[in-house]
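Look at the two complexes coming up: subunit A is in both, with subunit B in one and subunit C in the other.
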Partner chain A sequence: MHILEKGGGTRRFFLASSALALTLGLAASSIPASAQELTGDIRFSWWGGQVRNDKTDRIIQLFEQQNPGVSITRETADFAPYWERLTIQSTGNNQPCAITMQSRWLATYARPDILMPLDDLVANGTLDVSGIPEAVVSAARGADGNLYMIPHGVFYFALMYNEQMLENAAAAGVQPLVWPYNWDQYADHLRAIQPTLPEGAVATHNMGREPDAFVSWVQSHGEKVFDGSKAAFSRDLAIAWFNYWEALRNEGVTESPEGMVTENSALVEESNLANGRGYATNRPPNQLGSVQTVTNTVNPGATINTRPYPVGPDGTVGMDLGSNGIAIGANCTAEQLPATTAWINFWTHNEEAAAIYQSDNGVVAIPELATAQAENPDTQPTQVRHIELYQQVVDTAQPVFWPAGGYQAMTDVLNRSYDAVAFGQLSVEEGVDQLISELQQQLDQAAR
Partner chain B sequence: MSSLDSPNNPVLIAGETGVPARVMPRNRTGSALKRADNRAAYMFLLPWLAGIILITALPMLASLYLSFTDYAVIGLPSWVGLENYIRLFTSDRRFITSIWVTLKYVCFSVPLVLLFSLTVAVALNRGLRGLAIYRSLFYVPSLIGASVGIGLLWKEVFGERGVVNAILAWFGVAGRGWINNPTFALPSVIALNVWTFGASMVIFLAALRQIPESYYEAASIDGANAWQRFRRITLPLITPVIFFNTVLLLINSFQSFTQAFVVSNGRGGPVDSTLLYSLYLYQQAFQQLQMGYASAMAWVLLIAIGLATALMFWSSRYWVFYGDR
Partner chain C sequence: MATAKTYDPELLRAERRRRENLRRLKGLGLHLLLIGLLCIMLYPVIWMVFSALRPEAEIFGDMGFIPTNWTLDNFVRGWQLYGNMTFTQFYVNSFIICALAIVGNLIACSMAAYAFARLEFRGKWILFAVMLGTMMLPIHVQLIPQYIFFLNIGWVNTILPLVVPKFLAHDAFFIFLMVQFMRSLPNELEQAAVVDGANYWQRYWRIILPLSMPALATTAVFTFINTYNDFFSQLIYLTDTSRMTVPVALRLFLDPSGGASSFGGLFAMVLVSIGPVLGFFLASQRLLTKGIATQGFK
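Take a look at the complex of A and B:
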């Protein structure tokens, strides 16, 4: 009996212990895995203006609330200095753990001593890429085949235009422009709309020096921009591009060369589009919301919309497609890695975070989240338009593989070459020869 | 050898009473004190020494080494010998352009700053009431002129819809985007540099005030007019200061960067019209990540500045008047 009692006591003890353990276990398992385990300080860097900074800060706060053991140090900069800073940080092995990366710049940094290859982390489920289209994930690989970035936003390029100017032109008899329109039809549309514009306004910004427009032109004509680290477009096609814009400029459909240079670097507040001095220009559609906000201030009543680039003569769409994502610095320690991967998963998949960000830096990479944003009545109409246009053209886009230094080189050399033509310092042919030779020279230097 | 010369011979260091204050070896007295003094001196020098070695000498040596390498910042440098220097002078069209732009900048900027600052200094030296205020006002631009803020302001002033064009419009003259026109962009940057004449002016003013008034009185009695007094008295006596200012301005102008960087958004445009040497060097180093190549450019610039300065010193024997010689 005593033994039984003792035995009963033992059983009660075991039962009680088991119940306690089970209760504790259930309680523990109800806490998110990240919250019970994640600790440490990590650095996260991104580029952008104040609106994006505020959104990013809110998302970081949300993550830190859910993971009290984690602290994220914010590092932000404008786009151009962002890359210069990352280069210097990489030189000193001082890059952040979580680095916002762009497919256009990836080739420059896609090396195991700068960025951590992510394939193993994806394979063992540490990093979650579920729902991200395979084509978008593939574009985040380096030349060595390794995955270096988890994409969270897909960006594309398009044109913006003033809707009231178009309405006035239509009232004056100008035919509406229905996509898909080709480059010649677009030029004719601009020529037709010019006489209907207010005095001093021009139908279009001169895009002869703009890389995004040039890439669309090249690809819509069935050619590639790059072949590895070689410039692959033909001389004749580049000559046709310069002639296209020189013809429009000489007809008074674009700004003067000085105005073209000013407009290229202008803040939205100073731009011809926002101030009613220009009908159309090229700006990334993810800026539609901010352009409209500024326009409401400087030119009340005007509304801005976006439309795709023209197609080629045979209907080919030349639109480039890129992605922004988060990479992990190769210097990130094993202790910091769990918090870093959790942060990337949170940024990429968390619905609340996606709702805060509203595809600010590219349409959210997971199609279901993008559709949810477009259907959400709280989403700004400009962002809805941004997402809808993306969904309209994404299947026909042709993502460019930008070699190391390629985007920098294309921007620099195309700017200078077309400027020299527009200012009358070089003939069209000389300008194109300079474009091709100096672009190749810079690509060769970057590839060494 | 006398006993005093013996290495361990103690020497009495006595007070007035003849009582030895302390006994020290004769030869250690001087050297120990000397060593202690040296140690103190070195300790005081240490911050400067550390700075000159760590911040100046070592980076200079590193840049000399890097100028013979292909170094893309990311990754390790690889030795290429003289390739960077050969490429500079044989196949880089923009390098030649940047030299040409910089020479134009220096040739116009330095004389204009000298002329402007000397003129204002002479005007201020005529016993104006409130001289200190004027001096401060004129000096302010030289404190802020090389800043990014002023560069941005200048961009607006000379922009297509800027103040300059607004003023021209009052007179019925149609303006243009001065900063964004290849013909007028560099003169606009030069104008910004001339505007920062204050530092040279203050030095000139100090020199002018050192000239004895009796020289001018004597010349006036002899019938010299204002121009003759300036030409025969003022100018010769301030030639050392003109020389000093010229050398300073020359060195600064060769290295000028910020203003061209800001007004051209870091591009040196339009059409390379504001591509100053330092700006092109920066582009190679931090935009195209050709740090080895940029290092070679830096050494070429150093040599060029050295040669220009040496030329100035050589020429000074023919035109600089030192009163004590």
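Take a look at the complex of A and C:
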């Protein structure tokens, strides 16, 4: 995705406006927020389905009730169209004031003429990041080091598995897997469990093509995925990754290459795991509830649980932590800024808002709020597990800095390269060479 | 010497019966084949219809047609998308845009088509070629400049970018379609009007337009379908959720980013949303087929 360059004069105008807005905003914010009568109309954009839209709307209503002078215009869309629209809006400097942002896409937009740098607003207390883990805040910075969003939810990918299949395997003598387990131990576990599965089921989804699993692999082996806008992992490590999954595939522990592509659907309803055709896969644990719901209908009696990715040979945890948060459009005016910052603070810290949202788009970033949700007897067990696993890995996980276009490029190229290997079109070495060269090509293109 | 052929009437009747039976058998086989193909093609649609009528939790639990438990709950929950946003609002928004787009296209495209088909003016063929050339421009080329233009004149988040271009003969395809039709009308009709003293406007309004009903109906139907199904332009230009249209709203039932999806609501609302297109098509089917047949778009 590319942001089209605007004319220099226009950019200077916007930068000047942003600086003016920031100055005026800072002046306005020197008055304590509680003492101010907030007024103004702001636009807030987010992505999501029916349930998330409903929760978001309720939180907006709550904020508007508490701040009668503020009106928030809702702008929602499905995930992919959301970014397309934001890109087009950004070219016209017509972004909403409050923009839901994700760390994986942040680098594409993290420029002062698109998003407002927030460090000064944080430094003078206008924006409140207290309680948010430093690693999560760091992941909200752009390549220029500026803070561009206030994280409110932390997401991560992990492994999901079918507990009943595991119990059956245990009854047949398969040893349980206790974390921290390394990649070889995990592969041995999958090999052991395969013969105990029902006809047609496989022990694992082939994650050779999955960027989140690959990132965990790279980081758990002590390497970086990116260095700025350069691919930083070694060729040997990528070859080892392809070989790891090719070995499992050739042993019949994963699905066929054709099944591997089908299984790649993001929709829970189509997954092998939910349909009882697979023991394990990788998915974000915030899907645990919906995976369990679908499983209850198509594979009654099965329970789905989640566990972390394996660690490296020396015990290093390689999991990436991503965050969703709210950024401020560079075009947000001085009049709109107080209401926008108040809205962000409300969304991030308000207990009632957090209780409504229920970590719908990542575990709530404030640990106390997450603990309160986990301890609330009304919280769904799957949601509790989602929060517990996050708390288990948050201190050791390694958030990846995704360069502009990096996540999309990694997904596209890794999918294509590993598929070519699995379908026998390329050797492992050729597949890895394709991965590295095309990834770098796309990163260079996005960085221009 | 030629001998007269004699035919046994019984043999002739038997042969006729055999041929008739063979013809019927072929017809039966063909119909069975078509019915089989129809069933294959309709299976997903029928499955969706019944899925909309079964509880959400059972949609993926039972791949059979007939639901064990019948419910209209998906329609109720689907109609109420979230908060106070309902499909009533989305339908009103969609229909307003569709109605204005149809009116705009009928007026502007027929005028432009009349000029290209019946009038002689300098540069006509160059302009016609340029008009046809615009049909080949990918939407991505036009997207950003158009957006910035509409933003600068304050039209973003209104229906104007979706409607006003239609009144300026923006759809080259429909101009071309009507040009083809108008060229097929006899010149004598218009010449007679000229003898009677009719000016350009009168010839267009009183002679050409009434005779172009099939082409106008085709344009109206396709404009409706295209506008009603248009997702991207409506996503880009109508950002406020209260101005959202049906195709944009339908995308909000599923959440591939990890949140909960509502397939029941989606199927129910897709079913409802097919209604206007189907109704419009059925109502204008006769004119539509006539229009297509007479314009060579077979």
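Note that in this section the second predicted complex is superposed on the first by the 411 of 448 C-alpha atoms of A that agree within 3 Å, B and C clash if a C-alpha of one lies under 4 Å from a C-alpha of the other, contacts with A are read in each partner's own complex, and residues count from 1 in each chain.
Methods note: contacts are C-beta pairs under 8 Å (C-beta built on N, C-alpha and C of every residue); 3 or more make two chains touch, one makes a residue touch a chain.
No experiment lies behind these values; they were computed from the predicted model shown.
*Asks:* Looking at A:E351, would you say it contacts subunit B, subunit C, both, or neither? Reply first, second, both or neither.
*Replies:* Neither partner.
*Asks:* Look at A:R74 in the shared chain and tell me whether it touches subunit B only, subunit C only, both, or neither; answer first, second, both or neither.
*Replies:* Touch status of A:R74: second partner only.
*Asks:* Is subunit A touched at more residues by subunit B or by subunit C?
*Replies:* C
*Asks:* Which partner does A:E335 reach: the first (subunit B), the second (subunit C), both, or neither?
*Replies:* It touches nothing on subunit B or subunit C.
*Asks:* Please work out whether A:N94 is in contact with subunit B alone, subunit C alone, both, or neither, and reply first, second, both or neither.
*Replies:* second
*Asks:* Once chain A of both complexes is superposed, is A:E368 in touch with subunit B (first), subunit C (second), both, or neither?
*Replies:* Neither subunit B nor subunit C is touched by A:E368.
*Asks:* For A:N53, decide between first (touching subunit B), second (touching subunit C), both and neither.
*Replies:* After superposing on A, A:N53 lies in contact with subunit C but is clear of subunit B.
*Asks:* Name the residues of subunit A shared by its contacts with subunit B and its contacts with subunit C.
*Replies:* Overlap of subunit B and subunit C footprints on subunit A: residues 80, 84, 88, 91.
*Asks:* Subunit C touches which residues of subunit A in the complex?
*Replies:* 4, 43, 45, 47-54, 57-58, 61, 73-81, 84-85, 88-89, 91-92, 94, 96, 155, 266-269, 275, 283-284, 286-287, 289-290, 293-294, 296-298, 300, 360-361
*Asks:* Write out the stretch or stretches of subunit A touching subunit B in their complex.
*Replies:* Per the touch definition, subunit A meets subunit B at residues 80, 84, 87-88, 90-91, 108-109, 111, 113-114, 256-259, 261-262, 265, 405, 408-409, 412, 415-416, 419-420, 423, 425, 442, 445-446, 448.
*Asks:* Using the touch definition up top, name the residues of subunit B that touch subunit A in the complex.
*Replies:* Residue positions touching the partner: 70, 72-75, 159-160, 176-177, 180-182, 265-267, 269-272, 283, 286-290, 293.
*Asks:* Considering the complex alone, what residue numbers of subunit C touch subunit A?
*Replies:* 57-61, 81-83, 85, 143-144, 147-148, 151-152, 156, 231-232, 235-236, 239-242, 248, 251-263, 265
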